[in-house]
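Below is one structure; the comments refer to it alone.
Going in written order, the chains are labelled A, B and C, and every chain counts its residues from 1.
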Amino acid sequence: MTPPDATVRAVEAVLFASTEPMTADAIRNHLGGIDVRSALATLQADYAGRGIELVRRGERWHFQTAADMAHLLRRTHEEPRKLSRAGIETLAIIAYHEPATRAEIEAIRGVQISKGTLDVLMEAGWIRPAGRREVPGRPLLYATTAAFLAHFGLATRRDLPGLEDLKAAGLLDPVDLQFETMEVAKPYDED
Amino acid sequence: MAASPARRLTGNRTLHPISRSPRHLEFGSVALRMTDTPETLTLDIDGWEGPMDLLLALARSQKVDLKQISILALVDQYLRFVEEAQAALELAADYLVMAAWLAYLKSALLLPRDPEVEPSPEELALRLQLRLERLNAMREAGARLVARDRVGRDVFTRGAPEGLRTTRKALWQAEIYDLIAAYGVITARTRPVMHIVAHRPVMTLEAALARVSRLVGVEIDWRLIETFLPADARGLFRKSALASSFLAALELAKQGKVELRQQSPFAPLYIRAIGAAATA
Amino acid sequence: MTPPDATVRAVEAVLFASTEPMTADAIRNHLGGIDVRSALATLQADYAGRGIELVRRGERWHFQTAADMAHLLRRTHEEPRKLSRAGIETLAIIAYHEPATRAEIEAIRGVQISKGTLDVLMEAGWIRPAGRREVPGRPLLYATTAAFLAHFGLATRRDLPGLEDLKAAGLLDPVDLQFETMEVAKPYDED
């Protein structure tokens, strides 16, 4: 920066500290009547291309963050968070049964789901409203999205393992049965 | 080094003349005289905050470096001030305590030194002087601090900052395994469960109904329900036959075809056809 | 002004928009992890001699008007909180001795401090409780804050006016400590 003269420095400081945009007259009055127009022009040139700029709105001048830096003022900070059990169960039911209404999801889960659970899945971008079922009350239908397939590495929904696959993988065995199997297996392990 | 603190104080034993009335003391730093908080617990005398504050003001009136002040002169100034003030004001106790202590110090300094007395009066005088120096140092430091270019008074931050906003966004995570396993759990939890009973000899209700109605028809007197069971009934089959026969008996009683009799709970249960009594 | 690079512009915009002084770390985090130290140095040089300057107070940076513009700006702004004499002395004692207990403050001032005095300093954001001294009674310690440095225009506590001189003169040591030092020195003097 070229060293600014006293008037330029004064105008710069006054505009910076002011809580609102100021007219050239207001600045001049504040500085005891000196002419500030050329100082304003100098400042505008000085700040051109910087992260801050001097702008004129109507008759008033003020400093503001450069327009192309505005995105820095509102940053989104992403935090990884694990989906709750209710969330993952609800998502699984929608994925296997889509499109499904909330009542249908609850019937399958055997537990009520909170509005928040569906909100989280929508926020994650994995489910979307997919029309309404033409029954009394016209309940909203939910279906999975392309982002859902992408996140879980699926080409299509048909890539989801079927019930037979789940059974083969032991995923349909009730938990207590699995425990029994483990209990039986134990003596061998202990040898 | 001629100026051992103790020796210097000894050398200062001459009483310095007091050039001005302590009542008209100037305050060294006017900047320091700002509004006092109303909750202040100490009683101010002409704006002094306690005896140390007053002593320091008196010491400064000697117009010398605090290192060179005459403690005896200071003591005299203080005692005179307190005497005058006491006539006009109800003086706070700590001023009087300090006055008594200073009076003691003065006499100790003036009398020939008693080596038995510890601490020596010179030491006491030196300690007082050190305390005054410290208070003075902090008072001057405070004055310099508040005279700096202060934000909001001399320098200013931006008048209308846009402010920075950080919005937190959850990046939801789940694995394909979690998804599939969850579906497995739901399915296992809610799919209809079919119970297959292993082969067991049973007498159905229909069979018992047919058998009891037939047998009741040919008998006319009260009979134990057990006598309706097949003679070869054993074990589980007998239990099943008994249960079914009992249900059959209840059903027939409901239809008005038989009547039942039992003396007390768990007593033998008797059964006979209705009309059998009439016929008898 | 030389056209600044993207990082300099971003740091400039963020500091300009922030309502609070920011640490280099906070700026870096806000800008997604880029190194900002050289940008801060560049900005400080860019603004040297202007009506606005970039200053560092403790670990935090902020823009403020140049001190020699005070006479132009003062009239529009109210004076900041007026401190009582007790308040100023208490603040000075905490700043120069930090951390300090209430008893230590009272020992120097020779008078009890009212509860209100510390409250006012805390409310101003200039002092904070800073743990306890591990002596009987475990008295609370007080220390100054980042806001204290910012308000009084101190880059670090070492910039406290006269700190080194006071330290060298032993005026920040308790009377007893200085007294012991003198006692030890005496025999040599008396020779």
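As a working rule, a contact is a pair of C-beta atoms (placed from the backbone, for glycine too) under 8 Å apart; a residue touches a chain by one contact, two chains touch by 3 or more.
These numbers come from a predicted model, not from an experiment.
Name the most central chain, where centre means the mean of Cα atoms.
Taking the mean of C-alpha atoms per chain, the most central one is B.
Farthest chain from chain B, going by the mean of C-alpha atoms per chain?
Result for the farthest chain: A.
Find the geometric centre of each of chain A and chain B from their Cα atoms only, then give the gap between the two centres in Å, rounded to an integer.
Computed value for the inter-centroid distance: 35 Å.
Starting from the mean Cα coordinates of chain A and chain C, work out the distance between those two points in Å.
Averaging C-alpha atoms per chain gives centres 39 Å apart.
What whole-number Å value describes the gap between the mean CA coordinates of chain B and chain C?
Whole-Å distance between the two chain centres: 31.
Would you mind listing the residues of chain C that make contact with two or more other chains?
Counting only residues that touch two or more other chains, chain C contributes 14, 16-17, 30, 63, 65-66, 69, 73, 77.
Would you mind listing the residues of chain B that make contact with two or more other chains?
Expected reply: 156-158, 162-164, 166.
Can you list the chain C residues touching chain A in their complex?
Contacts found on chain C: 1-4, 8-14, 16-17, 30-32, 46-47, 49-52, 63, 65-66, 69, 72-73, 76-77.
For chain B, which residues count as touching chain C in their complex?
1-2, 4-7, 32-42, 49-53, 94, 123, 126-127, 130-131, 133-135, 137-146, 148-158, 161-164, 166
Can you tell me which positions in chain C touch chain B when the two form their complex?
Within the complex, chain C touches chain B at residues 14, 16-19, 30, 62-67, 69-70, 73-74, 77, 79-80, 82-89, 91-93, 95-96, 108-112, 114-117, 120, 150-154, 160-162, 166, 169, 171-172, 175, 178-179, 182, 185-186, 188-190.
Which part of chain B faces chain A closely enough to touch in the complex?
Residues 156-160, 162-176, 178-191.
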